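The following blocks contain the structures, represented as structure tokens.
Same chain, two partners: chain A is paired with chain B first, then with chain C.
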Partner chain A sequence: MLKIVTQYLIFPGIIFSFFVGAMGFWLERKFTARFQYRVGPPWYQNFIDVMKLFLKETIIPRNAAKTLFITSPIINLAAVILVSVMLANNYFLNISFMGDVIVILYLLVIPSLFTILGALSSKNPLALVGAARETKLMLAYEFVFITSLIIAIIKSGNSIMLANITATQILSKPNIASASGIIAFILALFYAQAKLCIVPFDMAEAEQEIMAGTVIEYSGPLLGFYKISKLMLYFSLPLFIISLFIKVHTQSTLLKYLIFFCLYILIIFIMSVIKNINPRMRIKDALGFFWFWLLPLGILGIVLAQFGL
Partner chain B sequence: MDFRNMFIFDPLSKLIGVFIVLFTVLISIYSAKFIKHRKITYYIWVLLTALASFGVIFSDNLILITIFWGFLGLSLFKLINLYDDEKASAIAKKTFIIIGATDGFLLFGFLLYHFLTSSMSLSANKLIINNNLSFISFIFIAMACFAKAGCMPLHTWIPETAKNAPLPVVAYLPASLDKLLGIYLLVRIVKDSFFLDVTAKFTLIIIGAITVICAVMMALIQHDIKKLLGYHAISQVGYMVLGIGCATPLGIAAGLFHMINHAIYKCCLFLDAGNVENETGTSELHNLGGLARYMPITFITFMVAAFSISGVPPFNGFVSKWMIYQGLSDFMNSLSSYPLKIIVALSLLSALVGSGLTLASFLKVISSVFLGNARKHAKESSFALLLPVIILALLCIIFGVFAYSTILKFITQAIGSFNMVGLWQPVGATALIAISIVIGLIVFKFSSQKLRVSDTYTGGEELNPKEEAKIEDFYATISEIPFLKKIYSLAEAKVFDIYEELKRIIFVLSNVLKRLHNGILPTYLTWCLIGIMGLFFVFFR
Partner chain C sequence: MKLKEKILTKSLWVYHLSAGSCNNCDIEILDCLTPRFDIERFGIQLVGSIRHADVLLITGAMNKKSAKILKNLYEQAPKPIFVAAVGICPCSQNMFKGSYPMLSALDEIIPVDVYIPGCPPRPEAIIAGIAKLINKLTAKDKKGQK
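Showing the complex of A and B:
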């Protein structure tokens, strides 16, 4: 019992994933700052940002559907915590925890879903625009990620257990060392980019035009919950990609963590490069990009994966 | 003649029987308030429908099944046409023609089945599909199931029925009972009557995959809540057919479970839509909004059912969809040919994508009916209208969180034992989420001592209520994408509707015949003369 609680709360659960996610976000900010010849924030910036939010007052819009408005960020965070714990337990301790990849895929929809519902319940016109964009974008990126997930499933001998997917990679070679694996990895990267609302896919939160869109009416602790769940997603999405495609087997524990952190920083770096060399897309262009370029690419990947390539 | 062999009381039919009773009781409670005129006619037909449904599920004799099945078509016609208004009677006619034609298919399929096995019982011996005749027999019986359940290509009666028929009728027949019966017969023949070969399995899987995607794409652009739900009722059948098409115990169990779940949440959604329509007098998304405040129970039950149908864990729709995915990946593992493997992988893709599209279209409904600015004032419905939806919403949660210890036990009895190939612990996961939410609420309570209610923030611009963005136009962008735009406009013109296509062909043919009937006596006499000359030529040459 105590073991489960420790696994859930401290390592590799909530506190660990929050910490790593916050550091990941900081790295992303730092990279961006360096791209723009700025110094960038200190490493503890994200922690004090979140802390400050919990000390501020909460403002609730007068016309909002109050219950949904308040519970949305909390449900959002609860789902993200569960996903992070599931993924981290599998990667670091080799424990199958609560569910398989399809469960994770569906649980990962909940944060976006309640972001949208929270935005809609606030009855702010700008939030409405953000929610509409987020819904459409969700349709785009989730489908692309599904193809990438199916490729990983086929590669592991049609098993949907995350443990089997990682075990097959350890036994033979990482999934990324094949044509379909590379395709799936690229698609998953775009998924993470859009899910985390990073430029060029940040139309839902576009600060310059709709002022943070979906979260415009949120403040204080409620916004804090959003921030925490986003920081944890910064940890769990790269972790999901790593365990699906680049699981490398090592004997020593130290090397295992070292490899993880190298890969993690690499993924954050790639995302930050994409962010800094692209402008924000229009929603229609993003849909077209995901549906008519990446989705056929994913289907090609599925075909290749079936032939064992 | 031994009557005992004509009936069958195995766990499968008993399971379906329980749900027929459940839905009949709930709909009867609901209709007591909802149906205001012609109550007696209505209840007589509802009870007769229930009786005929029992006939279908408990009989094992080919002729008995056909008779009860045919009677269900008639009762559907009478119930849709309850009030004799123009639209409803047109759609009732269409329904009757589609269902009646497929009743003919059923009869033909049974005839072939009897010819091949020389038995009058569906479950006596299993027919191996190894030649064209047995395949045709299977497909024709399956067509009848498709028309009853509303699978493509025989689905076209459902959306319009959903829009024009009295609402309890829609919730009772197309949404729940017809699904139960259609899929029951499909499960029965796949389980007891036929050994499916690769062609039959893949016919089912491809039909299922296409149904899932096409129907949900149509649902995405609908503006009428009832019609939208009707399209979802078609799309979900695709999942069941996908599961059953695998023909493994896991796949069939998944299909059966999904069918039960679908009946529960779709019935709940339709009844909620009925509550909304009853209170506001409209079912157009454009005219609704902000009802969450006025109708909280309807809102919550609708949300639970909508999350179930979109497969959000931990509700019941997720568990059955997850089982269908497992069935597909398991089935893919048993195949060796590459093209077949690719087809299964693409079907898996379409099933997963379909579930995303379902969620998107329900987000549209939830937001435009219950959130947003109130356009109509309403009050919560009365208790008799709320009780059925509350029970159904509770069932959604129970069958989701406690799936293994409740409903799956009965399904195992009905289908035979099967192994899950994935992992999902709904009780544990739900408990963790619930604990997180409670802790979150406590943290919120303690940290936000300073709570302030304020006006909507718009960045200094004037808020003009007339210029608010319309939520129901969420997906306008999607229908404007060039390729999809073309398909949508074809679908709006009913090009994909088999019934309408046949109607066009028949009109062309009858136009030719109409020329002959010009009402002038000499013409008819000429035809008679030509006919007699022909006969003379044949018989006396």
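Showing the complex of A and C:
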């Protein structure tokens, strides 16, 4: 009983994923700072930010739909916690169940969906613009991610169980060591970029034009919930990519963690490189990029994967 | 109580309002974010929405129209919020005192926590002002200051 509690709450569960996610977000900020020849924030910055948000006052706008406004950050956080715990338990302890890839796919839609609903419920015009952009972006990236997931599923012999996908990689070779695997990895990377609202795809939270976009009316603890869920997504999305495409088998546990952290830092680094060498896309360009460039690439990847390449 | 102040001062999110300034102070504020001064290493960030802000940074001499907006903004900010007057204009109205569109000095409308005079203040002066604010907050219950 105690083992299960620690497993879900502390070690590969909530606290661990929050901690790693906060460190990942700090790394991203630090890399950005170094790219701009700055020093950057100290390592504990994100923890302090979250703690500070819980000390502030929450303001609910008079015109807002109150129930939706309050519950949407909480549901957002709940979905992200579920995803993180499932992924971390699969990666570190090999706990999995039939069809969990599909469950994770559904749960990963919920954060974006409730960000949109929260923005719409606040009735702020800038939040409405942000919500409209997020909706369009979601239509763009979700489909691309599904193609990338299909490639991983085909590679594992049509299994929709995450443990089987990782097991086939351990038995033969990582998915990324093939043409279709590389394509799927690139697609998943762009998906993570868009999901986390990092720069080329951050139109929904564009600081300079629509202030903070979808979260503009949120303050205090409610904003803190959004912040925590974003930090945990910083952990779970790279972890999902790692376990789908670059699962490497080792005997010793120490080496296992070392490999995980190296790959995690590498993915964060790639994301911050993409962030720092690109300007923000217009929503039209982003849709075009996802639909007319990445989607054909994904279909090509599926065809290649069918032929076993 | 002490811990609360410490956490608040380690992550100050700044909302910047130009209440009719000549833009010089605004440029100096942006200078603080550049590699040379880099105030992000103290956890200070510029945010776009007043709902996320901890510090309300005001530049420019206020006129009748912007005073209304300013008051509105101050009421919409989640408390605790600190107000910093950057530049000589919001501190003392400078040479615009008694001019017809001007209402009054900033501290007659909303409470001001820190004054950063200068025309425009150098980025060092702005950082010193923020340090002053932090010192004031952490020393609040020690010396019984306001």
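Structure notes:
FYI, the second predicted complex is superposed on the first by the 306 of 309 C-alpha atoms of A that agree within 3 Å, B and C clash if a C-alpha of one lies under 4 Å from a C-alpha of the other, contacts with A are read in each partner's own complex, and residues count from 1 in each chain.
Just so we're on the same page, a contact is a pair of C-beta atoms (placed from the backbone, for glycine too) under 8 Å apart; a residue touches a chain by one contact, two chains touch by 3 or more.
The structure presented is a predicted model; accordingly, all values stated were derived computationally and were not measured.
Shared-chain residue A:Gly220: touches chain B and chain C both. More residues of chain A are touched by B (comparison of chain B with chain C). By the document's definition of touching, of the two partners only chain C reaches A:Ala212; chain B does not.
Within the superposed three-chain model, A:Pro41 lies in touch with chain C and out of touch with chain B [touch as defined at top]. Once chain A of one complex is fitted onto chain A of the other, the partner contacts of A:Lys3 are absent, as it touches neither chain B nor chain C.
Contacts of A:Ala33 after superposition on the shared chain: chain C is touched, whereas chain B is not. When the shared chain is aligned, chain C comes close enough to touch A:Met51, but chain B does not. The residues of chain A shared by its contacts with chain B and with chain C are 55-59, 211, 216-217, 220.
Chain B makes touch with chain A in their complex at residues 292-293, 311-313, 318, 322, 325-326, 329-330, 332-333, 338, 341-342, 345-346, 348-349, 352-353, 356-357, 359-360, 363-364, 366-367, 370-373, 421-425, 428-429, 432-433, 436-437, 440-441, 443-444, 447-448, 450-459, 463, 468-469, 471, 474-475, 477-478, 480-481. Contact residues on chain A toward chain C in their complex (touch as defined above): 29, 33, 36-42, 45, 48-49, 51-52, 55-59, 207-208, 210-212, 215-220, 223. On the chain A side of its complex with chain B, the touching residues are 8, 54-63, 65, 68, 70-71, 73-75, 77-79, 81-82, 85, 96, 98-100, 102-103, 105-107, 109-110, 113, 116-117, 120-126, 128-129, 131-132, 135-136, 138-139, 142-143, 146-147, 150, 153-154, 157-161, 211, 216-217, 220-222, 224-225, 283-284, 287-288, 291, 299, 302-303, 305-307.
Interface residues of chain C, counted against chain A in their complex, comprise 4, 7-8, 10-11, 35, 38, 40-41, 43, 46-49, 51-52, 54, 76, 78-80.
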